[in-house]
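Shared between the two complexes below is chain A, which has chain B as its partner in the first and chain C in the second.
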Partner chain A sequence: MLLTSTTMIKTKVTISNKLGLHARPSSKLAEVCSKFDAEIWIKKDRKKINAKNMMDILMLASGYKSQIEILIDGEDEQAAMKEIKVLFTNRFGEES
Partner chain B sequence: MIGILIVTHGDIGLSLLKSAAQILGKSFNNTNCISVESNHEIHTYKKTINSELLKLNSGKGVLIMSDMYGATPTNILKELVVANKIEVLTGINLPMLVQALTNRDSELKKLISDCLKCGKDSVINLNDHD
Partner chain C sequence: MHTFNVHGLAASSGIAIGKVQVVSNALLEVQHYKIKKADLDNEKNRLSQAIALVKKDLKNIKKDINQKSSSDFSSFIDIHLMMLEDKNFSFYPQEIIKSEQCNAEWAIKTQLDLVISKFDAIDDPYIKERKLDVTQVAERLIKILLGHQHKKNAQKNPFSTILVAHDISPADALQFKNHNYAAFITEHGGTNSHTAILARGLAIPSIVAVKNARKLIKNNDLVVVDGDSGLAIINPNDQILKEYEYKKNLWEVEYKKLLKIKNVKSTTLNNHVISLMANIEDLGDIKSVLESKAAGVGLFRTEFLFMNRDDLPGEEEQFETYKSIALSMKSKPVVIRTLDSGADKATAADTIQTTNPALGLRAIRLCLSHPHFFLIQLKAILRASAFGKIKILIPMLSSLGELKQVKMLIKRAKDNLLSDAINFDKNIEVGGMIEIPAVAINAEAFARELDFLSIGTNDLIQYTLAIDRTDDSVSHLYNALHPAVLKLISNTINAGKKYGKEVAICGEMAGDPKLTKLLIGMGLTNFSMHPASILAVKKQILESDSSKLKNHAIKLLRLSDAEKIETLIQKINQ
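Coming up: the complex of A and B.
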């Protein structure tokens, strides 16, 4: 019997780097998300986009202190969430 | 991997590619630019483009992007489209190019429609935007 994940994990994140989710962080985020098999989305306001697509992330125009929600569904969802959180915690390596 | 060929006036294509590389933090394989200058013969460009298409096609096809519809770079490609059934997107912009460079393992038809949508969606009047 195949065991598949039936629950989706999600978390809310406040953008803490001053320049927001601009081009380079969007690129890094999409690159990290693409490493995982799980489906990953970002919700902001009424929009929900595929987090593996850099341009979709960029078009959310998420500025400093704006809030987004990350939703992940798939077998490697925990590992994906852990790695994604590190990116945001480290402000994408842009600020100390 | 889908090949990418950019055919533009002057160095527009090179500049866009350079900026995309800076944003994405890497350089790109199977990608090239052709700068169309007004003092060159059009037939030489056709040869160059055909030769690039052969080099860039690794089996998944080549996405060609040009700048202005109705202008010489696009007109050269238009003749090649008729002869070779190649597919070309005009009105290249940086979002369209980044979309192409970051989704090259997709199918060519899907990449073309995604790039077209991305290119159009990213033209925004900030005053009318949330």
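Coming up: the complex of A and C.
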């Protein structure tokens, strides 16, 4: 456990779609995260939630311009991070 | 029968007349009962089966969506499917059944209440409203658990039916689509709820947030729904009914006609091009601006960037917003008005409370008293000007002295950017709002010093007539057609003409189709309004002959009797 936690990767992102992480982006994010074996969390302020749970993401209430941190731990963490970042840079296909 | 009115939020425009069908609210019917220990597994199974059934239902609905539906529908269904799979539905309620030894319906309701309390603590209004989706999923589930009949094929009704419900889920709305409901009235929801968004997409007149609608309105009541004002009239008498039938026909005809002129160029009968621009409050409005085919953004009210927050937006944040707007409008003009806070629009920048805020330290006065903050905004606007055709608009100017200070600060902002080798439009136009009577009277002096003028009719009327629009006891005296107001507007338009400077109106008057012809007659060529008003105003323009209207306008400006003015306006609009 100690060993894996040292390899955890993390990155900070700013929410750039106008409506924030509302229902559609949350479900999209949870869907993508669920494809991977790695454990994936999202940290915002003092809250940390499992990124495979759509409702948990939604209830983080990450509005436009808010900052969140993505933490990933597991064998396929690099691939997961890559795909998650794409979602955010494409603003989940929504307006900036 | 007793005629009465109910009020709610206008969620989707249009008028509908029909008989009511009240939809029950399963959530309110849920009762609590104990489950014997031996039966707990059965109860849990019952819940799992209900979840499976709802999933199947939703998937079937999704399958039914054919190409004619927008992708919005299908993604709303996906969201509900995902919520069903979430532990809030698939796991916790099972645990509640076990620990509380209660029925499945009660377990769902308990969990729902918990989730809703979490949503209620969220500040973001858009995300907060998603609690409605969670509620709709729970409701669907409980209906199945209660063994409610599944109204998959609601009977076809020859009369138009108005649906009165606690709330309408997107999945419901989808099924309703095939039944040609004439209108929706819901007890729940806001103008941003999915119900409202979908109703607008389907062009179904709707009123939301009507308290106790299902108690007040009974099945088969005859109801008139006015989706523009948020009013529903229950059991209207013949006279009301006739009036609304007429309005409804008119609305339908007008609406169809208006859509046809969407791509028509905005010119008068005698070939004068009239520029129709859009007023916006934030980036989200751009979509409707582009849809409306506006010639540009005639007024971007930046104060909304500053509202609902404890801090002030920094240069980067402002720059990014201005830049995005400039880029999405391509090379079309974007007029950015500097912070116009104070009076009715409070922001973190205002700290001083005065008894007469409309006449106090607001707008440019506030900015000039905090030049450091003003410079941040000016620099952000200038930087964004490298990415499109941006113009700066200064609100609430009252003297040339203020204008001089503003120009000095703009120069300082430019110098700062130059020394940092940051790109901007060196010839950026600077215009002023004409909204204080003193400035309208003295418009020529301002036309000389500015690149363009923009008349803010709301404040101009308020200051000219000394009427606080928000004060109910005097608001009936607020009159855009007061001869003094019209003279000030005319004086400003003429000043612009004399010095070859563009004059626009960006207040409510610009978007009022009843005033379009008069304003054209007065020589106005530039209107800026809410995007939703553009087509109605364009229609007036297409029917206008500006040379004929000019004579009417000259005559009207000589009148001082309100009644005569009203009569002449009617003649002009014929």
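Just a few scattered comments:
Criterion: the second predicted complex is superposed on the first by the 89 of 96 C-alpha atoms of A that agree within 3 Å, B and C clash if a C-alpha of one lies under 4 Å from a C-alpha of the other, contacts with A are read in each partner's own complex, and residues count from 1 in each chain.
Basically, contacts are C-beta pairs under 8 Å (C-beta built on N, C-alpha and C of every residue); 3 or more make two chains touch, one makes a residue touch a chain.
As the structure is a computational prediction, the values presented were derived from the model and not from experiment.
Contacts of A:Leu19 after superposition on the shared chain: chain C is touched, whereas chain B is not.
Within the superposed three-chain model, A:Met54 lies in touch with chain B and with chain C [touch as defined at top]. In the superposed model, A:Ala80 makes contact with neither chain B nor chain C. In the superposition on chain A, contact is made by A:Gly63 with chain C only, not with chain B. More residues of chain A are touched by C (comparison of chain B with chain C). Using the contact criterion defined above for the overlaid structures, shared-chain residue A:Ser27 touches chain B and also reaches chain C. Look at A:Ile42: by the touch rule set out above, it reaches neither chain B nor chain C.
The contact surfaces that chain B and chain C form on chain A in the two complexes overlap at residues 23-24, 27, 30, 53-55, 58-59.
On the chain A side of its complex with chain C, the touching residues are 18-24, 27, 30-31, 53-55, 58-59, 61, 63, 65, 95-96. Residues of chain A touching chain B in their complex: 23-24, 27, 30, 45, 53-55, 58-59.
By the touch criterion stated above, chain C contacts chain A in their complex at residues 75, 78-79, 82-83, 86-88, 115, 118-119, 122-124, 126-128, 130, 133-134, 283-284, 286-287, 317, 324.
Interface of chain B with chain A (complex): residues 23-25, 95, 98-99, 102-103, 118, 121-122, 130.
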